[in-house]
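Two complexes, one shared chain (chain A), two partners (chain B, chain C).
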Partner chain A sequence: MRNPIGWAALTAFSLAFFAFIYAPLFVIIGYSFNSNPINMMIWESFTFDWYTGLLGLSDRSTDVSNRAAYVESTDLMLAALRTSLTVAMFTTTISTVIGTATAIALARYRFRGRGFYNGFMMLPMMMPDIVLGIGLLIFFVTIGMNLSILTIIIGHCTFLTSYVFIIVQARMAGLDPALEEASADLGASELTTLRKVLLPQLAPGIIGGALLAFVISMDDLVITYFVSGTGDTTLPVFIFGMIRRGVKPEINAIATLIILASVVIAALGLWLRSRKTD
Partner chain B sequence: MTHLLEIRNARRTFITPEGGHLAALDGINLDVGANEFVTLLGPSGCGKTTLLRAISGFETLDSGTMTLGGADLTALPPFRRPVNTVFQSYALFGHMTVARNVGYALEVAGVGKASREAQVAEALEKVGLAGMGARRPSQLSGGQRQRVALARSIIAKPRLLLLDEPLSALDRNLRQQMQLELKTLQHALGIAFIFVTHDQEEALTMSDRIVVMRSGHIEQIGTPREIYRHPKNRFVAEFIGETNLFPVTIDRVDGETALARTAEGVEMHLPSAGRKPGEQVTAILRPADFNLGPTGIPGTVTRAVYLGSDLYLFVQPQAGGPEIRVISRDGAGFDEGAAVHLAHDPARVHVLEAA
Partner chain C sequence: MAMRRQSVVLGMLLTPVTLFLGVFFLLPLCIIAVFSFLSPGLYGGVEWSFYHWNYGRIFGWADGIIEIYEPIYLQILFRSLSFAALTVGLTLILCYPVAFWVSRLSERWRLVFMFLITLPFFSSLIVRLYAWLLILKPSGLLNTVLLSIGAISEPLEILYTPTAVVLGMVYVMVPFMFLPLYSAVDNLDRAQIEASLDLGANRLQTFLKVVLPQTLPGIMGGAVIVFIPSVGNFVVPDVLGGAKGLMIGNLVEQQFLSSRNWPFGSALSMIIMAVVLTVLLISASRARKAGGHA
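Here is the complex of A and B:
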């Protein structure tokens, strides 16, 4: 029989744990619907104004006195979102291809310096973001490369490749090497084996790695802050800039939309995983 | 007579983690006929799996030649060799249905869909899995997976099928059933099987010929009967089945039979052909070759194990020396502590030259 007191304590602990994690998110979501433009902590009434305002659909904003400035900042925010999405798509593609290829090569081929190579692939993940950011900045300046969307993509790829590598490698380690041998034994060339056996078997890992890379790229502030130029800003850097000028209700709306997008991506990932049975 | 597979002087050396050299294949010569069931038998590390992998192409030879139907195999990568393998882990593709697994060789070779489906159905039929094509390997039992692996490996009609301990994961009853089915299938297909196992019972049941291997070389090649009745040396004798070994000295030769004694004084009768008094040899007698009777080697039963139809006895000879293992059909009444006499037919004794 289970102990009722212990059970109640465990339930209470679990609830407290989840409350601790999710309460801040719900606070932000709640505030994003508060119509009070001066003090968001005092509830005035329910409104969608901050959302419609963000998307340029209504003229209500905290910058009532200067509507031109506000419209401009909406355009800036949408531009930042576009930059973020562009960066995330390119980085995800590049780091997924390189990370997967490296994981396969390190698992299947024996060569000199393999152990070192393995360590080097992990290192960017362990390195503090700020060190990586400064290092990249100094590097780009040294080789005379102007900071642009390109430097952001290169910067993100340097560490996201490691994330994809580690996730695919874990999947690779659990794979029976006899699967590839069986494919070769049945007449498939290496390329055919890669296409018909190895990649489908690794698919959950590759998709998981790609989603993670996408989310981290969308989310990264520190490294991007160093390697982005004046022209191209990503959404996190833009929000960081906004916050320095005071926390406005629009930020709650942006945050809520980002939470929504993250939930959708995470759900998509889980759904894709659940479809892959083996 | 030409053979399907001819292996000449095959050598393969591995470097151990300690930096030493390990000869996994130490000059192997082997011929396999076109419709033969050959078993590679030996303890782990004897090189049997390395030999199998060298034939399938997953292991390269340092030296030696290997031909299949007269064509050189050694330079061909695995996917160009006309042999197929049943892997120990089955290695089924989890992301494919059973039907696609079975039809994989045809799919890769570019065989059209209609022809492929017909051949897949036929192959599944052959292994007793008709109608299971739409399932996933994860939805099958161990025995069924084994059959899928088998169907997948025979669909391309190889001239030689390699089986790497395919039955080791099955329970005893299923294993025995599969042994007989494999033998039947091999006859029906009319192709050669090379079967790797460390289970001597399995080897004796299925094989046309058994290749007994130890540390990279072949100890003996022969039919199950030859290997069992006339082992060439102690290793083969002890590896195949239960054995009693008696190091004896020939006492006197008496027509057809010779009398010999162990150091402790246990008396044995053996065939006299070529024996001289004073000679030291090893006499081999299987447990089932002893009869419990009024005469013979006197001894005491130390342990009696009931095996169903048989009684397995450990008998301590009165004269001393190691216990003798005896299987008796009519062992009723011979409990532990019983005094018995072990008689034997001299013709059943196999003699090894070395003591």
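Here is the complex of A and C:
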């Protein structure tokens, strides 16, 4: 392997690979500061206008009706962000509770159908989201349930429960059951052992699973697209709609803020993980 | 391993998942299956009578009344399968050398590049696709650069072609291929590789006989994880593909949100589900066989 020319070629290829992954993100960030409103590909000059416009602080357009349209879309975007955060918070809580309970049950109890549950928990993750999305859409319409923020939360929980399950299960596998046996031998009830001995040990896995669920929920497009009504829309669906209607320069600013937020969250996740192994 | 038997606590732990996934996951899938055999109503609803032409329309058998058959649906199905296979192949070719490279770096740099490869997981899918829209547009970055350096005299038309769709899918799926490959490459038994080289095998032989078989589980895992979301993808072709880049996911979306033929859309979804389950069963049986030999 220590063939210097081969290694140099491999290094060049790999660096090009990472450039391929990151260049598009930098393109968006760069153009979010371009003041050219007609063709954002042609550099005019540096501006913060798209950001201040997003926050409702200023507006470049002098035309009053145009300005009204901008303000309206800003309001819609903030509403979408609020919906996304609400959905993600409820979804994270519900799927973390259900996923953790399932992981504990499958790791610590022997019962009929255990193998079935182990395989079954993989299915929601593997099912293409479009199939799950239309299945839920038909289901909600058939039982006469209105599409709302509630149906979005239910839709997200169906597959995020599996993600939490996988992460917590991995953590379970590394635990020493002797501690729980000791607790039981010393007279603690099953429920007390669960609460006082098992859950504290599982905490890093549960937090990791919850963080993953939150991030995926914030980013989900397809399921939300099918099960959201006309009223509530999440940020990814809102951006999808904006792209379909035609690209406006504000999208670059929104996208840049989303990229920044995701870098912060990813770094936070890494930091949590490194602390956990200490 | 401390394994307890059935108890009240076990019931408490398992009831939520059973109820929730039973009602909101299994039941909807069953409803898709039922709907795929119902007749489409006149104004977008369904009529509760058995109707097999939702499938006939795709695979080409006669209805009795409607004898015209459009092979377009079968063509789009094959296109989806081949785009997904192409995505698997391209992500594999891109990720395999890079996984090797990262595994040979010093601890510090390995952490940095592993962070860089997982970062896209945390950033928005739609934002990343939108970036390619900006790059590939006729007046986009790629054409602007190529025109200004004189490499081309007319703008390339990449956006709204199959090339753009496959490019977009490869871009989105790369991290999913990388992680299973990396763990396989990182677990390679280096002593075996050295032994093979010392015993006179050349690099190609060593790769084919030692490295490839050892990393095959990672390759298979990555292939499954990339193939499944690619087949039913509708966002990538929607944003980057034109009529020629249409995939089966787009057909499903149209049946539900614009044509309002839910039974036909359900039949198309059943086909996506059948493809996915087939892939999962094949990979599970292969994994079991491989495990039995080891």
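FYI, the second predicted complex is superposed on the first by the 255 of 278 C-alpha atoms of A that agree within 3 Å, B and C clash if a C-alpha of one lies under 4 Å from a C-alpha of the other, contacts with A are read in each partner's own complex, and residues count from 1 in each chain.
Operating definition for what follows: contacts are C-beta pairs under 8 Å (C-beta built on N, C-alpha and C of every residue); 3 or more make two chains touch, one makes a residue touch a chain.
These numbers were taken from a predicted model, which means no experiment stands behind them.
In the superposition on chain A, contact of A:Ala170 is made with neither chain B nor chain C. Shared-chain residue A:Lys196: touches chain B; no touch with chain C. By the touch criterion defined above, A:Asp185 reaches chain B but does not reach chain C. Of the two partner chains placed around the shared chain by superposition, chain C is the only one that A:Leu221 touches, whereas chain B remains out of contact. Contact with chain C, but none with chain B, is seen for A:Val27 once the two complexes are overlaid on the shared chain. Touch counts on chain A: comparing chain C and chain B, the chain ahead is C. Of the two partner chains placed by superposition, A:Ala8 touches none, neither chain B nor chain C. Of the residues of chain A, those at positions 181 touch chain B in one of the two structures and chain C in the other. Considering their complex, residues 1, 10-11, 13-14, 17-18, 20-22, 24-25, 27-28, 31, 39-42, 97-99, 101-102, 104-105, 108-111, 117, 120-121, 123-124, 126-132, 134-139, 142, 154-155, 157-158, 161, 177, 180-181, 190-191, 194, 215, 219, 221-222, 226, 236, 239-240, 243-244, 247, 251, 255, 258-259, 262-263, 265-266, 269-270 of chain A touch chain C.
By the touch rule above, chain B contacts chain A in their complex via residues 56-58, 77-80, 83-85, 87-89, 91-95, 104-105, 107-109, 136, 138, 152-153, 156. Within the complex formed with chain A, the residues of chain C that make contact are 1-7, 9-10, 12-14, 16-17, 20-21, 24-25, 27-29, 31-32, 35, 94-95, 97-98, 100-102, 104, 113, 115-128, 130-135, 137, 139-141, 144, 171, 174, 228-229, 231-235, 238-239, 249, 252-253, 256, 262, 265-266, 269, 272-273, 276, 280.
Every residue of chain A that touches chain B in the complex is listed here, in rising order: 176, 178-179, 181-189, 192, 196-197, 200-201, 203, 276-278.
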